[in-house]
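Some structures are shown below for you to check.
In the two complexes below, chain A is the common chain; its partner is chain B in one and chain C in the other.
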Partner chain A sequence: MKITIYLRESRNEIKRLIKDPVLLISIVFISGLLFLFIAFPLIKVFQYSLWPRGEFSAKYFVEFFQRSYRWRPLINSLTVGALVALLGTVIGFIYAYGITRTDIPFKRFFRTVAIFPIISPPFLIALAAIFVFGNHGVITDLFNLDWDIYGLDGLVMTETLAYFPLAFMVLEGVLSKVDPAMEEAALDLGASKLRTFFTVTLPLATPGIATALLLVFIRSLEDFGNPIVIQGDFPVLTVEAFLAITGMYNMPLGATLAIFLLVPTMIIFVVQKYWVSRKSYVTVTGRPSGAGLLSTEKHAKYPVMVAMIFLSSCVLLFYGVVLYGSFTRLWGVDNSLTLENYRYVFTVGGQYISDTLTIALIATPIGGILAMIIAYLVARKKFLGKGVMDFVSMLNFAVPGVVVGIAYILAFNTRPLQLTGTALIIILVFIFRRMPVGIRDGIAQLQQIDPGIDEASTDLGAGMFRTFGRITLPLIAPAFLSGMVYMFVRCMTAISAVIFVVSADWQLLTVALLHEVDNADLAQAAAYGYVIIVIVLTAIIGLRLVVGGLLGRRTTLFQPE
Partner chain B sequence: MFRRLLVFSLTAALLFGLAATGFTAKKTLHVYTAFDVDEANIYIEAFKKSYPDIDVKWVRMSAGEVLARVRAEAKNPQASIWFAGPSTSHIAAAGHDLLDPYTESLAWQYLPADFKDPEGRWTGFYTGFIGFATNKEFLKKHGVEAPTSWNDLLKPVFKKEISKAYPYTSGTAYTTLISQLQAIGPKKLGWDQEDEEYIKKLSAQIHHYTKAGSACVTEAGLGEVAVGIAFSHDIVAKGIAKGYPVVMSFPKEGTGYEIGAVSLIKGGPEPQLARVFFDWLMSAEAQSLFKKWNRVPLNPQAELAEGLVTAAQVPVIEGFGGQITWYGQRKDEIIDRWRQITGR
Partner chain C sequence: MAEAELILQHVSKIFAEGTTREVKAVDDLSLEVKKGLLVTLLGPSGCGKTTTLRMIAGFEYPTRGKIFMGDKLINDIPPQRRDSAMVFQSYALFPHMTVFENVAYGLKVRRFSRQEIKRKVVQALKLVDLEGLEDRPPGQLSGGQQQRVALSRALVTEPKVLLFDEPLSNLDAKLRVSTREELRRLQQKLSITSIYVTHDQAEAMTISDEITVMKDGRVQQIGFPEQIYLHPENKFVADFIGEANFYRGTIIKSQDGRVEVKMLDRLITINQDGDFHPGDEVEVVVRPETVDIVAQGKGDFDGVVKFSHYTGSAATYHLELRGGQKMEVKVLNPQEKGLLRDEEVVGVKLHRNNIHLLTGK
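Moving on to the complex of A and B:
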């Protein structure tokens, strides 16, 4: 019975699609793109791992469990991930609590500092850690420390600093949306503020905390830049997979390691998308919830503020030392100041700057528009396989960059899809890897807009494209723009996926930076890092001004992840 | 307004794309190099000055990475010439049939047999010796001498104070490994019992492994580790000459050397331009530039750097030149054994 209803419904849907050829073509086109550039490369990873020479062989899978030097990196990665997720979320919570729930001063300052790690190449923090805590680091020399930064300690420290801002952003949103009426009710019933915090505020924020934990865990697990700089004798899986491909040309091994990296992140992604996010308690009322309850007691707010000042000082110290280092002649030996490193970046690295900018400027608008089209289809249209499109388009959000990179060279290295060596492959990596954030924001925004507005346009005779271009797109402009800014920033700072697809013709700044770190030329690396930061800041501020003038209002232009 | 912005950005994107696919008049040569970026830049800029109509696009990778990349691209090579890196990596590539022979060059004809492939698939153009770069401040602080023997590296004072590169990514590290295999224990080629024991003990002394061979010189200079194992020219150019407090020493049991080689990548997109670069690289004019990096040129007419370390001053393993070829042909299995012993 059910089946016949289902069949009839599908038939009706197909009929409806045939009547709307523009929609049909868009769906087919987008599905084709998603399959080709997201699903197909991942299929290739499995194929290379389990059918290395066209025949089934689980050799590398078996080896993974047999040899300690194969499985230990996975344990190491998971250890680092768990510690970083825990620490990062605690710090993020303190930060979010301080900003949303207390009346401490300098909130703007704290928030700005928390943005730093997001707009710079992630592994700049590892570089900074060497400048500060290395055997010849600033703090090491000052306090005569005997602490080895290379290894687990250093990884946890650098990744916590790099990824706590993500937890902060998630939790800030959650804490500011918890309905104060609930807390007030608890207080009115005679509970103390502390009791209210533990029995009302915290439970309400639990889904947000879970999301933050999982998000930071994924980011730490897939981090490549920090470990390759600072892992020392504590190998993690991303770096092992990278070395298997670039150092050993062992594609089946690289693909196998990629799968072991993929499994935990996919589990987390599915848990987050289909379970945690359904348990949200925050937007139940629909009324403006107003500001939450503020803690103004000294014993509550000062510890929070001290913790925030301490953390912000750490971030500032790290970035400050790197800035100083970028002007030194020979870090650690001859600290006299010079502009030589920047001259080097603009002469030797001039080509990298223009390549990176070109690629970013092509990828950003295409990715931004594509993301909005997908968001529109998913949020507004009904069609067969919509759930699949939603899932696949968000997939790369959870696939580690190293896996994407490996997947792309496996999939696009031979005819007829010979793309290695071109700018196109780098652009495609950026678009399909960074689109999910734009899609998610676009869907969120569309859900807040009455579909009646679209329908009115259609009823008046406008086609789908016209409606999308004239009505929908302007309405979701904030999500469109923040998605593009996000994509641009990632084009300038990402390394883990693109390191596999750069070529002699097309090089990127982050890869050049990594080479300098590779060769331990720290001052030149620092100069590269700051050139990237300046470009990113200029772009964000510039866009903010342009868009502010265009839309006549201020928009939050940077919405990370 | 918004739509206009959209149209504008799309048009701009298209134009960029067109410009990117490129119809430039200049001929372009694609090069993979195993030299450091700042060093490669010296030679490539000089080449471009001599041949203003040729543009050079290049990528720097460690020698093992170049080998991996050339293998990966075998069906569709992206570069025409592989510039620098120890001959062992080039020999391995020749073994996979990835290189084109080139025997018409003058250099191939003047070079002694140890410094070139008999079939001309790779040609040497400099040499350098494996040595130790040790931080002077560390030595003073602990009151010890710089290591002068492979066994000195096993002393407790150097525990977790040594850095070297992975032998599969770095040509330096592979040359170090085969030097150890030859200098320690019986003189036979390949692994023996004593080699395995030594490597096991040594790996407990290593603080961390790097991807690029020359990085450990800077790390020793910075005091991040006490000893870096690297090539003499890198120790001089990246350590001593830059002002880092490092001393250079060599193992008295004998050390190995690299024959820095160049080869033409089979099926590369610009075979003619690659030969132009090849011939230029073999000239005295080009090899005199090695002064800047303290490399030992193989062109007898090239000028030498002042105080250059040559074979006369270094305890070189007897017959090493011939052994290099043997090890180059067995790179994969030698490294596989190393990974099993060290677990790295």
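Moving on to the complex of A and C:
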């Protein structure tokens, strides 16, 4: 019975779509792109792993469980992930609490510092850790420390610093939407402030805390930049998979490791998307409550403030030391100052800079507009397979970069889709890997806008493209622009996926940076890092000025995932 | 008789059909709208009136049934190719465009020339008294002005059918009354076929040529306003349109349009055509304003005033009759007859011609 209804509805749906060819073509075209550049490469990973030579073989799977040097990295990755998620979320919560629920001074300063790790190449923190705690590190020398930064504790420290801002952003969003009137109601009913915190504030923030935990866990699990610099003899799965492909040229092994990396992140992604996100208590009523901030008790405010000052100092110390290091002749040996490293970056690395900018400037607008079109289709249109489009388009949000990279070289190194070695494959990686954030922001913004406005345009006779171009896009311009800024920043700073698809013809700054670290040219690596940071900051500030002029209002342009 | 501009034949809309969440939003609705008339879909929220309107506009597709505009089947035509224009409840004005650009939008889509657009927009704005506001963004207008921009934006494309989705619900009470009169005047002047969705029965009564009363996705009654009011076909319609007292009654005799009915232990003879037989159980509908207050013992029944509402132009008395039955009585210009005090005992006399009988169906 249900099936016949479903079939009848599908048939009607198709009949209608044929009468609306623009929508039909858009759906077919976008589904095709999503399949080809998201689903198909992932299918290839499974194919290489389980059908290594054209016929089925579970050899690599079995081996993974049999040999400890195969499964140990997974355990290591999970260990680091759990610790980083826990620490990062606690710190992120303290930070978010301080910003949203107390009257500490210098909030803008604290927020800005927390953004640092997000807009710089992710492994810059690892590099900084070496500058601070490594051999000849600032702190090492100062206190004569005998602490080996390479390994589990170093990795946890760097990743915590790198990813706590993510938890902070999530929790800030949640806490700022918890209506202070609810806390006032608890106080009014006679609860103490401490009791109010534990019985009202914290429970309301629980879904946000769960989200933060899971997001940071995923980010740590898929992190490649920090571990490759600092893992020492504590191998994690991302680096192992990378070495299997680029060191041993063992595609089936690389594919198998990719699957073991993919499975936990997918589970977490699904749990977050379909379970935790539905538990949210936070409702946007659009009715501003007159209640302001609770006046903060001193014994809550000062510890929070001290913790925030300490953390910010750590971040500033790390970035400061890298900046200083970028001007030294040979870090730890000859610390005299020089501009030589920057001269080197702009001459030897000049090609990398132009390659990176070219690719970023092509990927950014295409990815930005594509994300908005998908958001529009998903949020505003009804069609068969919409749920699948939604899921697949968001998939790469959870697929680790290393897996995407491996998937792309497996999928696109043979005819007729031979793309390896071209700039196109790098552009495609950026577009399809970073689009989900834009899509999600676009959908979120569309949900704030009366669907009647779109319908009015359609009702007046406008086709889909006119409605999208004249009505929808101008109204979601903030999401469109922030999605593009995000895309651009990631093009400049990403490494885990693209390291597999760069070639002699097309090199990226982040990869060049990594090579310098490999060669122990830390000062030059630092210089690369700061060139990237300056480009990113210029782009963000430049766009903010342009947009501020256009829209006549302040917009938060950078919304990290 | 004018031809039908819009025909709905056995239209149903079932959401999530075949699942446990199945909802029959619209259930086997048939409707004909004649050219130039204004037909309202009236009913409480969730009765399916808005879903019906959205099916006509093309934003929802019927699960079953057919929709014709003129003689063209439009079931599968996407909304942008339908010859209807909607005035949205939220107005749905484009916030990033001026009033002029809003009204011009549909004309631009239709590729009119620049001069033609200008001429038509100016004319459409004049029609709704908005000259001089062309360059304002809609956000700067009052609610009433926004409503009129929405109306002129829909009118300017000269649609075959104009659709109104509770267009006045965001206005305050006074403005609502004057706007609906204005709306009706315009609609009749342009003689444009219109479907009007509302849950406000007074609104429906004042502006409609025909009213379609709906409940739970089903049509309850279709008729002229006075028909609906005077001859409701069931208890829901009688209750929803205006106020009503309901009493159980038994038919004693029915002959030549004169019906003798026993209600509240009294025999009352009223004029009503219909297929009544002695012994039939009926529902007797008595409108509060069709009852006169008389001296104790001089009416059909005696009752005690339990409490009253006084609104200036009218007073509504809640009486308790003998045997505990309640009756609401509405007296216009009540000062003239003297206001009644609580616990006062009075007689009530029913207008014989305005009593209405409903059979148990």
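Quick notes on this one:
Note that in this section the second predicted complex is superposed on the first by the 552 of 561 C-alpha atoms of A that agree within 3 Å, B and C clash if a C-alpha of one lies under 4 Å from a C-alpha of the other, contacts with A are read in each partner's own complex, and residues count from 1 in each chain.
Basically, contacts are C-beta pairs under 8 Å (C-beta built on N, C-alpha and C of every residue); 3 or more make two chains touch, one makes a residue touch a chain.
Remember, it's a predicted structure, so these values are computed and weren't measured experimentally.
After superposition on chain A, the partners chain B and chain C are accommodated together without colliding. Once the two complexes are laid over each other on the shared chain, residue contacts for A:466 go to chain C alone; chain B is not touched.
By the touch criterion defined above, A:330 lies against chain B but remains apart from chain C after alignment on the C-alpha atoms of chain A. Chain A has more of its residues touched by B than by the other of chain B and chain C.
Of the two partner chains, chain B is the only one that A:421 touches; chain C does not reach it. In the superposition on chain A, contact is made by A:475 with chain C only, not with chain B.
In the superposition on chain A, no contact is made by A:173 with either chain B or chain C.
In the overlay built on the shared chain, the residue A:320 is in contact with neither chain B nor chain C.
Superposition on the common chain places the nearest Cα atoms of chain B and chain C 11 Å from each other.
Of the residues of chain A, those at positions 470, 474 touch chain B in one of the two structures and chain C in the other. Across the complex, chain C is touched by residues 1-2, 5-6, 9, 12, 15-16, 19-20, 23, 450, 452-453, 455-463, 466-467, 470-471, 474-475 of chain A. In the complex of the two chains, the chain A residues touching chain B come out as 67-69, 130, 134-136, 148, 150, 228, 231-233, 235, 243, 245-249, 251, 330-334, 344, 348, 358, 361-362, 365-366, 369, 409, 413-415, 418, 420-421, 423, 469-470, 473-474, 477, 502-505, 507, 512, 515-516, 518-522, 550.
If you check the complex, the residues on chain B that touch chain A are 1-3, 5-6, 9-10, 12-13, 16-17, 19-20, 30-32, 36-38, 41, 57-62, 64-65, 67-69, 71-73, 75-76, 78-79, 160, 166, 168-169, 206-212, 214-219, 221-225, 238, 242-245, 339, 343-344.
Against chain A, in their complex, chain C makes its touches with residues 17-19, 57-59, 61, 76-81, 84-86, 88-96, 105-106, 109-110, 153-154, 157.
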